[in-house]
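So, here's a batch of structures to check.
Next come two complexes, and both contain chain A; in the first it sits with chain B, in the second with chain C.
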Partner chain A sequence: MSFSKNLIVATALIFACFVQNVAADTATDTVNVNASLIPAFKLTCSNVHFGVWFLPVRSGSDKTFIDLREGTSLQGQPITIADISGNRRNVALNTAAGGAPRYGSCVFAGSEAAASTDMNIFIATTGEGRTDIRGALLAGKMVAAEDGEYVGLNAPEVDFGSGMRFGLGFPVTTPIDENGAGSFKIVGSLSIPGTIVRENCGAYKAEGVITLTVDDGI
Partner chain B sequence: MMKYSVTYKNSALAALVPVVLIMMSFSSKAAAETATDDVEVYAGLAPILALECTNVNFGAWRVPPGERANFTTISMPTNKSIDNITPTLGNTSTADNDVSLSTKYAAPSYGDCTATGSLAYRDGLVTFGTVTASVTSGSLIPTSNNPFAVGLNAPTGSPLSNFTYVLEFATLKPIISSTGRANFWIGGTLTIPQELISDNYGAYQSGSITITFDDAQVD
Partner chain C sequence: MALPVVAQAQQSGVSVALSDNLIVLEQRSRSGTIELVNLASDPTEFRISILDVTDSEVDGSDLIRWAPQRALAPANRTLPFRVSARPPGDLPVGEYLIRVGVTAEVQAPPPIPRDDADTEEPEAGIAVVVPIVPTLPVTVYYRHGIETPMVDAKPLVETPDDEKFIGYFPVVKQQPNYSFVGTVQVIEKTTGTLINRGRLHLRQSTEKSNVRMPRGEQNMIENGVYCLQIWDHWPGEGAPTTEVCSG
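On to the complex of A and B.
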């Protein structure tokens, strides 16, 4: 019995220690605060310029075609090359005053899709009522540009009506890189009527508003 | 006539008989008389006061590069309604529609703290502890080890100034239950500067913040 009693005394001492601890007990842990910033999903495109062209006053049905494509300069830089086909007589490029042809260049960033996922590309225009064509060639007419981008070049006195047309080409999809970014080009084709009068000269632009959309599927 | 007799010449053998008799005598006594007693063994084990907290995560936010209309405020209210955090412009309540939450990385989450092992509870009394933090506001700095944005690297550019946080505690006096537990959580406000450049994008983290829970009831 005495052994048992000794144990009771020991227990009481331990309990006394706990009571004393209550007022002074503290516990700690550490935390940190986390946050991340990532680019918003954004698409930026430059405009497509078919350039400024010298054309003779002429008549007939033999059209001139201007095709934009990507080329490489002697220094290895990407440049826009405009190929002329069809009626090429007395047709020449005016490279002065920003008249050089330029394909459209689009870049996007901020996609959260997995790397190598395809970015779907759509285009829509109010010009001929087209909406959301996925990666197809978009065609429309060129109308007089009151606010053309070519410095010093006014709108024509008389435009071609539906005679001058454009087509735009771009990929159906383009890959998204590991940073959620990517790019693609917009090339194009312009057809100029066979009959041109002096009043047709001036600045033109595509009818309506052309909207490009990229969709990463998320 | 033949006689057969044995003479005990070996003294050890001569002594054998009495010894055997004595042992038998003991054995017989054990079977008849026993005595027992019970003992009880006691020991005391008490829990130690401990605190465990999860880190605070404001989430990953998609912000356009360049200068925006104002700085952006992200608030994690301490009423635990963080399912739909709306970024706001400056110090107003106007939604900042340029900024959106990424779904690719972990959603915002509170710092969730649980204290266990307190012996401060007293039956019939409301018992609470006291919470303190080593810092409650500061700047976030680039890191490659943000556990809530795995795979997102630290920004490469010069440190982004004015990317700051302010912690807000749901309570600084959490109730201690009869089982010795107390729970509280940490939210707060994140401020994203008005202008970002591409080098600012990436993962950020604060320094280590020490949270202390004292189960002494201090009014």
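On to the complex of A and C.
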């Protein structure tokens, strides 16, 4: 057996002796448990739903306009009110599940800015349309959605082309509260063409991707 | 004509979250990281894209690198978003910036498969939706060969008739062309009451601003001494860089 191996064996034997001769003992120590809670800067937005509408097959140039706005229920709860104007003949809202109009809303939290700093709001679209990112209005056109993409309706066989258009309204700024949070609403307006054929019926969505950005930089 | 009111049900929405939306790089510290935060219980794909800077801002897209462009964050986890400055040797002294937009990739639910035998005649309805995609911008500054920008605080302006604020301290940049990223804190010194505290971020194009004092549940304390303390960094640590007091 080589010298190194002898040394290893000897060391193990000595250690074993020490282990055998040490009486069982207890020891205590403290264990620190740490957890850090850091607020994330978060933005949540919901879509603007104009709802599901029954409209007659018709021809002509008289459009139907639908405007969404904030309202308050008799119980004091926030609600969406849809105002109809223009050609209202035989127009009705389908109030079944999924058919209710709802304005959009955004909530943010976790901003590091001091309280009462203005949160700046910007909106843009990749689709055709006018974007006034500092004027609180975005306009664009509606295109066919995918089958079943929204409220279970299929895409129309024939969409309106450039005929159905929408506009959005939102604040340019909103204050940040003492907790770094805040919220705002996105209302909308919709114009439906005067001429409708049965093949136009179905689900529509805004063309392109509409992004809403908030920034607490002044 | 207004339709009968419709109850506003609690809406679910699309979310995007970050650990922070601002990174300041300097010659001595040319890299930085924030976290893309997935607060959901499902994996979320983040997409990061460059945003335009305004004409009055100095574009740093040639020298500030960032990654990733797309990333999938596991449920309830974060992913790092890293930036670094690669200044060329002959880069003029100044401050440069990029701005990127972070979006959580929308994961559309799969369509419910329909049994043709159960398909009813579709109703003659039109459904209209405007999807909104929330985006958080991240501003990245690189300061090359410049001192840390600072602001001057002006005397307190009291607004006793304002319903929201009891007053404000105007602040003005010392270096108009550079940004300011620092900490502001307003206290009432006689009682030690904290009135307001947070980060102040003035863009390159912004020359001045006001640090407001929310009214809250209090009015101005009679004979109170209100002080604005400013640090030239965030978060502010140690003694403030400057302090201006009323009275």
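Just so we're on the same page, the second predicted complex is superposed on the first by the 171 of 218 C-alpha atoms of A that agree within 3 Å, B and C clash if a C-alpha of one lies under 4 Å from a C-alpha of the other, contacts with A are read in each partner's own complex, and residues count from 1 in each chain.
Just so we're on the same page, a contact is a pair of C-beta atoms (placed from the backbone, for glycine too) under 8 Å apart; a residue touches a chain by one contact, two chains touch by 3 or more.
A quick note: this is a predicted structure, and the numbers were derived from the prediction, not measured.
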Residue contacts with chain A in the superposition, chain B compared against chain C: C
Contacts of A:48 with chain B and chain C, given as first, second, both or neither: second
Touched partner set for A:26, first chain B, second chain C, both or neither: first
Partner chain in contact with A:61 - chain B first, chain C second, else both or neither: neither
Touching partner for A:79 - first (chain B), second (chain C), both, neither: second
Partner chain(s) touched by A:112 [first = chain B, second = chain C, both, neither]: both
Partner chain in contact with A:216 - chain B first, chain C second, else both or neither: second
Chain B versus chain C as contact partner of A:34, first or second or both or neither: first
Chain B and chain C footprints on chain A, overlapping residues: 38, 40-42, 110, 112, 218
Of chain C, residues touching chain A in the complex: 1-3, 5-9, 11-22, 37, 39, 101, 103, 108, 111-112, 114, 122-137, 139, 164-165, 184, 196-203, 206, 209, 211-212, 214, 216, 234
Residue ranges of chain A touching chain C (in the complex, touch as defined): 38, 40-57, 71, 73, 77-85, 88, 93-95, 99-102, 104-107, 110, 112-117, 142, 145-154, 156, 164, 166, 168, 178, 180, 186, 188, 190, 192, 198, 200-206, 209-218
Chain B-facing residues of chain A, complex: 1, 3-4, 7-8, 10-11, 14-15, 18-19, 21-42, 110, 112, 218
Partner chain A, residues of chain B touching it in the complex: 37, 39-44, 46, 48-65, 74, 98-100, 102-105, 111, 113, 115, 117-120, 138, 140, 146-149, 152, 155, 160, 163, 165, 167, 186, 188, 190, 192, 196, 198, 200-216
